[in-house]
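What follows is chain A paired twice: with chain B in the first complex and chain C in the second.
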Partner chain A sequence: MTTSATRSPVPRDHPASPAARGADGGRHRTSLFTRLFGRQPIGILLAAPYAVFIAVIFAFPIGFAVYMSFTDYYFTAPGVTVPHPFVGLDNYKTVLTDPAVLASFGHIGIFLILNVPLTVALSLGLAVALNRAVHFRTFFRAAYYVPYVTASVAVVAVWLVLFRSDGLVNQILGPLAPDPSWLVNSTWAMPMIALFVTWKQLGFFILLYLAALQNVPKELYESASVDGAGAWRSFRSVTVPGVRQATALVLLLAIVTGANLFTEPYLLTGGGGPDGASTTPVLLMYQQGIQQGKPSTASAIGVVLVILVLIVALVNRRLTERSER
Partner chain B sequence: MTAPRTQEGHGSEQDTDRPVPVVVAAVGQGQRWRRFLVMGALFTGAVVFLFPFYYMVVASLQLSPNLTVGGAFPRPGNLTVDNYIQINASLNLWQSLLNSGIFTGGVLLGTVVFGVLGGYALAMLHFRGRGVLFSAMLLVLVVPFQLSMIPLYVLIARDYGLGDTYLGMILPFAINSTAVFIFRQYFLQLPSELFDAARIDGASELRTLWSIALPLVRPALLTAVLLTFIGPWNEFLWPFLITKQQAKQPLAVSLANYISTVQASTANPYGSILAGAVVLAVPAVALFLIFQRHFVSTDLGSGVKG
Partner chain C sequence: MRPSRPSRRYRHGVAAAVLAGAMVLTACGSSGGGSTSDAASAKGPIKIWYSNNEQEIAWGQQVVAAWNAANPNEQVTAEQIPTGKSSEDVIGAAITAGTEPCLIYNTSPAAVPGFQKQGGLIDLSSFADGTSYIETRTGELAKQYASADGHYYQMPWKSNPVMIFYNKDMFTKAGIDPTNPQLATYDEFLATAKKIVDSGAAPFAIYPAPSSEFYQSWFDFYPLFAAATGGKQLVADGKSQFNSPEGLAVANFWKQIYAEKLAGNETHTGDSFSDGTAAMAIVGPWAISVYKDKVNWGVVPVPTAGATAAEQIHTFSDAKNVGMYASCTNQGTAWDFLKFSTSQEQDGQLLTLTGQMPLRTDLPTTYADYFAANPDYKLFADQAARTVEVPNTPNSVEIWQTFRDAWTSAVIFGKSDVQQTMTDAATKIDQLASQT
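Let's look at the complex of A and B:
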């Protein structure tokens, strides 16, 4: 990975620049300055703010998180120095034997089981339909995309009202409405979060599939129909394999979204309720790390979470790469 | 809704303006039936996506709360802007909007100034450490923000004492890495002859960037600005952690706090919540509708949060 990443950003050469001509002339003629800082050292100056930003806001905090997860860290007033004793894997032991933490990872599992198939089926279906539509294409695209660009807090507010026990949805359902109502029902709370996220993000995936559909060669559809394939058959044998890349991306982004869930369990189900039925790891990180002042265990949850995400993402990538061969 | 009527219209039209490959086999009755299915699915989808927004507006204008089916239709006698006055009294909407604006503006400024410089350097200049920086940028795009959430809170709120400040709010998002990535991709696509010519004429790198590269990547700038706008405007988790005083909270945070603490004391609690939701939703939705064609789905991937 490292090699490909370092090789890929090769910018185009500037043969006209004097520095480049010097380099062309042979390595022995390159000045020490050029060898130390590169052919266009002003690049260091231009990129410096971004590099410092990454170091301060990304690299250092992640190192700090890993450090905290191995120590007994607690908050103090600014300027007060207290020892943070090294406790080895104790925090990880605490976290991995805490039923609340394990349950929160299970809830992500429920989220993925519902979100991934629903997203793939609905967004691919609507993308195919949108691809065939003649009229109102712009209107549909905009309509599907609006939830995606709207703040979660704003749409959560509407869902809260719609799915109240005396809300519109239950008024329509009448006796079919679950009791207790959707968001305060321990069976329905997590599926509701999954449904909400699926609904909110579907527009993004519809446009993703729509773009992928443009890259499926027309000839494949023609030969499929020559071979006597019906609409459903050519959808299964041409369209579905043709958009496999997009489907892999759905899975990957669903995993990242699931790992990041916070606003929905915090607001939609009132803090991971009822009775912890819709907690997520990030919600627990907030509750333990900031509300209860235990940043060490919160960091341990974070490290476990990111390791899991990276493992699942790698497995996902392996699987999709293999099936392409 | 209007699906059947639209369908009749379609049946008589030619196939020639169809923009996409379709299976050609079926004709006549089967074709018409399939078109009906397609338009029906699309309209059903649009209703499912838009209804909550419609309901948000209608219910935010109700004088007395009406959660029944009839409440989904506006009645002239039951319309009011009281809910907006109510939420403004509880939250100080203007202050919250101003906070959201400063938070978003700070992120935009940082991204446009330093993100463009970084993207240009990554695309165009040979310098030591470019490969490392590029790999770091890709890592930022992949690793979830949540891992650094607790240490950032410790550092920014506790160690640096930046809790309840705009700077503390802006800092973790100051340069949007997705935008840097987009800038770099666009700079890479520019013809190199232009830059060679500028260098021969003795233009400095900054001058080249300002007078040649930037005017050519204006569409990319707009796309990056739009998606950078939506991120902090909708962001909830970080400003929620870092601001405790309501006077410093962006609208997403103050509205969320209002939702989780609102009592039945007000005449129409849902109405005022939804009025706040409308105010929070309108700027982002309006920008999206105005600049729709600049929202490219592949660019948005990791740029939009919240």
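Let's look at the complex of A and C:
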């Protein structure tokens, strides 16, 4: 469209444009309208449903959670008016001095250290392999995706059977099997959850990488090959930079979903066991906010979690941006 | 090319709008309507929820049909309680939203203090015959269900006094007399449990859920504690009762069970008793219909340190009650229906259709014909007169979670000293119980 670039169009609200002037010249009214609604007011209309969705589903709950975290709040029946006194940072002091809460953040740290690198490495490696596979490509793609779309409850039951003390894994390991067994072992409980989540979500992340791999120009591989690069060098110098945007997304999603861990410790390790070795902040939020009727402290945990996730995501973004440069 | 950043003014505008929206909605959240004094006598259609198991659905359908046939102007609509992580979560959310029905026939006594604090429950004592009806029907046991102000915010409805079920075939295989198993004292129980496991009759002697949910201690510690103390609750008069010689003896008994691998400490999928993983289970009479075609079972009271006579042993009630909820507008009808559904006739229907024990006095004599025809249930009916409920105290769920965490650490996984852990838990629970 080079012609449009050579033309010198008159902006719709340009003073010289007759359409922009009203009976009194219309200059002031038009500029105020433009300032309020922009040059394309229909855009606001089109974006409004999503903006409302964001406001209702995300902004309001977050704002309300922040409010609750600074008050002594509990849920009441409609029509029951109770004071919700402002308590300053008391709820934050309570949760940040609670050993169980601190331990739960530590558990999430262990989880992320294991889960995120594993997720990136395995999903990228398998996506590259699947991208090159000639035979059974569809079968393997479906096979990796099945755990992702299967209900956690069903998959957890299989893992419980596999990793119990007399399960298949320990029978294979024989004397090398840990005692107590994996899911009731304080050392192994959190790594097992990390492994489970990595395995379960792998299919989704493989799909992301497969999509990204379609956008890596084949010419780059040919050039690398002409320059004498082997498969590993090609992978490092062409594939990894070529899917960097996808890697940033995978990292972000893995961090966010990992920080919100609930189902796995609830089901796989019997409610954060053994002896609280796999509790997570969201599990404690459920216990305190829903079961124990203390939404204020649950909200404080949630706010701290959001802040920590934002910090980690920000650091992740800075690092990926730096490597892009 | 990176998209341009929104201007600072724009970002501030968005933030302000979000905050303002949150504040407006927050203000909206504090308002709403409530029940009026007229509601207490109002008559008209009502809605109820009942449990979603097959037997209670059958009972619920027949009681509603019987009422509706006789009361065309006060029709009752019944639904199964919606599914959620637990009934208590569902009810708590419904109270907050104002969408709960008039009556819920699945109200856990442990959740009542929380629902009461939410303003979600109608005080049944506010009805002219409220207290007298409850106390006449349930007798002395009713007192356990009264709140701190002495009023009843729940109708004691049915109990499932837990006892020790045992698999007669497995006991025979282990060389134990199935007609007179030695399970009365802790020592006898341990010796019998060892025989079962050592003989290979079953992988485990018993398998209470080892998970960390707050209510799991109702099925390992609490029945034995009730038996050991002659019917004490976990908390009485704002003070914890379990950090006592009896409570510690119960804890040490279970610790030995776990340490010697007579009970499993891993999450078990399925029912360990019916699938043959364990030779014993601590369950109430609801399980009879479940086990009848699967296990050749017998039943005995829970053990005590000494040989307590069976007719003196207390146990945990595992009761479910009926609550009348705040959004109910036709409370007059709701109260009438509540009395109708807990009448002698309907309690008989409940017993017949579900095998669960109505919380009323003189159960064995009132339904003598039923127990003569169904002798399996007779022991439970006798036991029902000596049941202990969870304490009706502030922070009830948090208290039980605190206890469960201590129990998991010291008893199930043996990670900490029993006495010290129980002392620490008692200190924290005393603080929780003293809060209003």
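The definition used in the following text is that the second predicted complex is superposed on the first by the 259 of 325 C-alpha atoms of A that agree within 3 Å, B and C clash if a C-alpha of one lies under 4 Å from a C-alpha of the other, contacts with A are read in each partner's own complex, and residues count from 1 in each chain.
To be clear about the criterion, contacts are C-beta pairs under 8 Å (C-beta built on N, C-alpha and C of every residue); 3 or more make two chains touch, one makes a residue touch a chain.
If you're wondering where the values come from, they're calculated on a predicted model, not measured in any experiment.
Novice: Applying the document's definition of touch, where does A:Pro180 land relative to chain B and chain C: first, second, both, or neither?
Specialist: A:Pro180 contacts chain C only, not chain B.
Novice: Under the stated touch criterion, which partner chain does A:Val243 make contact with: chain B (first), chain C (second), both, or neither?
Specialist: After superposing on A, A:Val243 lies clear of both chain B and chain C.
Novice: Applying the touch criterion given at the start, work out whether A:Leu207 contacts chain B, chain C, both or neither, answering first, second, both or neither.
Specialist: first
Novice: Answer with first, second, both or neither: which of chain B and chain C does A:Ile290 touch in the superposed model?
Specialist: both
Novice: Mind working out whether A:Phe75 is in touch with chain B, chain C, both or neither, as first, second, both or neither?
Specialist: It touches chain B and chain C both.
Novice: Mind working out whether A:Met190 is in touch with chain B, chain C, both or neither, as first, second, both or neither?
Specialist: neither
Novice: Quick check on the superposed pair: does A:Leu160 touch chain B, chain C, both, or neither? Answer first, second, both or neither.
Specialist: both
Novice: With both structures placed on chain A, which of the two partners, chain B or chain C, ends up touching more residues of chain A?
Specialist: After superposition, B is the partner touching more of chain A.
Novice: Once the shared chain is lined up, is A:Asp275 touching chain B (first), chain C (second), both, or neither of them?
Specialist: After superposing on A, A:Asp275 lies in contact with chain C but is clear of chain B.
Novice: Quick check on my understanding: which residues of chain A belong to both its chain B contact set and its chain C contact set?
Specialist: Overlap of chain B and chain C footprints on chain A: residues 59-60, 64, 75-76, 78, 157, 160-161, 164, 166, 270-271, 286, 290.
Novice: Tell me, which parts of chain B touch chain A in their complex?
Specialist: For this pair, the touching residues of chain B are 6, 9-10, 13, 17-26, 34-35, 38-39, 41-42, 45-46, 48-50, 52-53, 55-56, 59, 67-69, 71-72, 114-115, 117-118, 120-140, 142-155, 158-159, 161, 171-172, 174-175, 177, 180, 184, 188, 192, 195-196, 199-200, 205-206, 209, 230, 233-234, 236-237, 241, 252, 255-256, 259-260, 270, 273-274, 276-278, 280-281, 284-285, 287-289, 292, 295, 297-298, 300-301, 304, 306.
Novice: Which residues of chain A touch chain C in their complex?
Specialist: 55, 59-60, 63-64, 67, 74-82, 84, 100, 157, 160-161, 164-166, 180-181, 183-184, 186, 268-276, 286-288, 290-294
Novice: Going by the contact rule set out above, which residues of chain C touch chain A in the complex?
Specialist: 18-19, 21-23, 25-26, 29-35, 85-86, 88-89, 92, 95-98, 114, 117-120, 203, 209-214, 265-267, 269, 326-327, 395, 397-398, 401, 405, 408-409, 412-413, 415
Novice: Applying the document's contact rule, which stretches of chain A touch chain B when the two form their complex?
Specialist: So the residues of chain A in touch with chain B come to 2, 5-9, 11-17, 19, 36-44, 46-47, 49-51, 53-54, 57-62, 64-65, 68, 75-76, 78, 125-126, 129-136, 138-162, 164, 166-168, 171-172, 199, 202-204, 207-208, 210-211, 213-214, 216, 218, 221-222, 224-225, 229-231, 234, 253, 256, 259-260, 262-263, 266-267, 270-271, 281-282, 285-286, 289-290, 295, 298-299, 302-303, 305-306, 309, 313.
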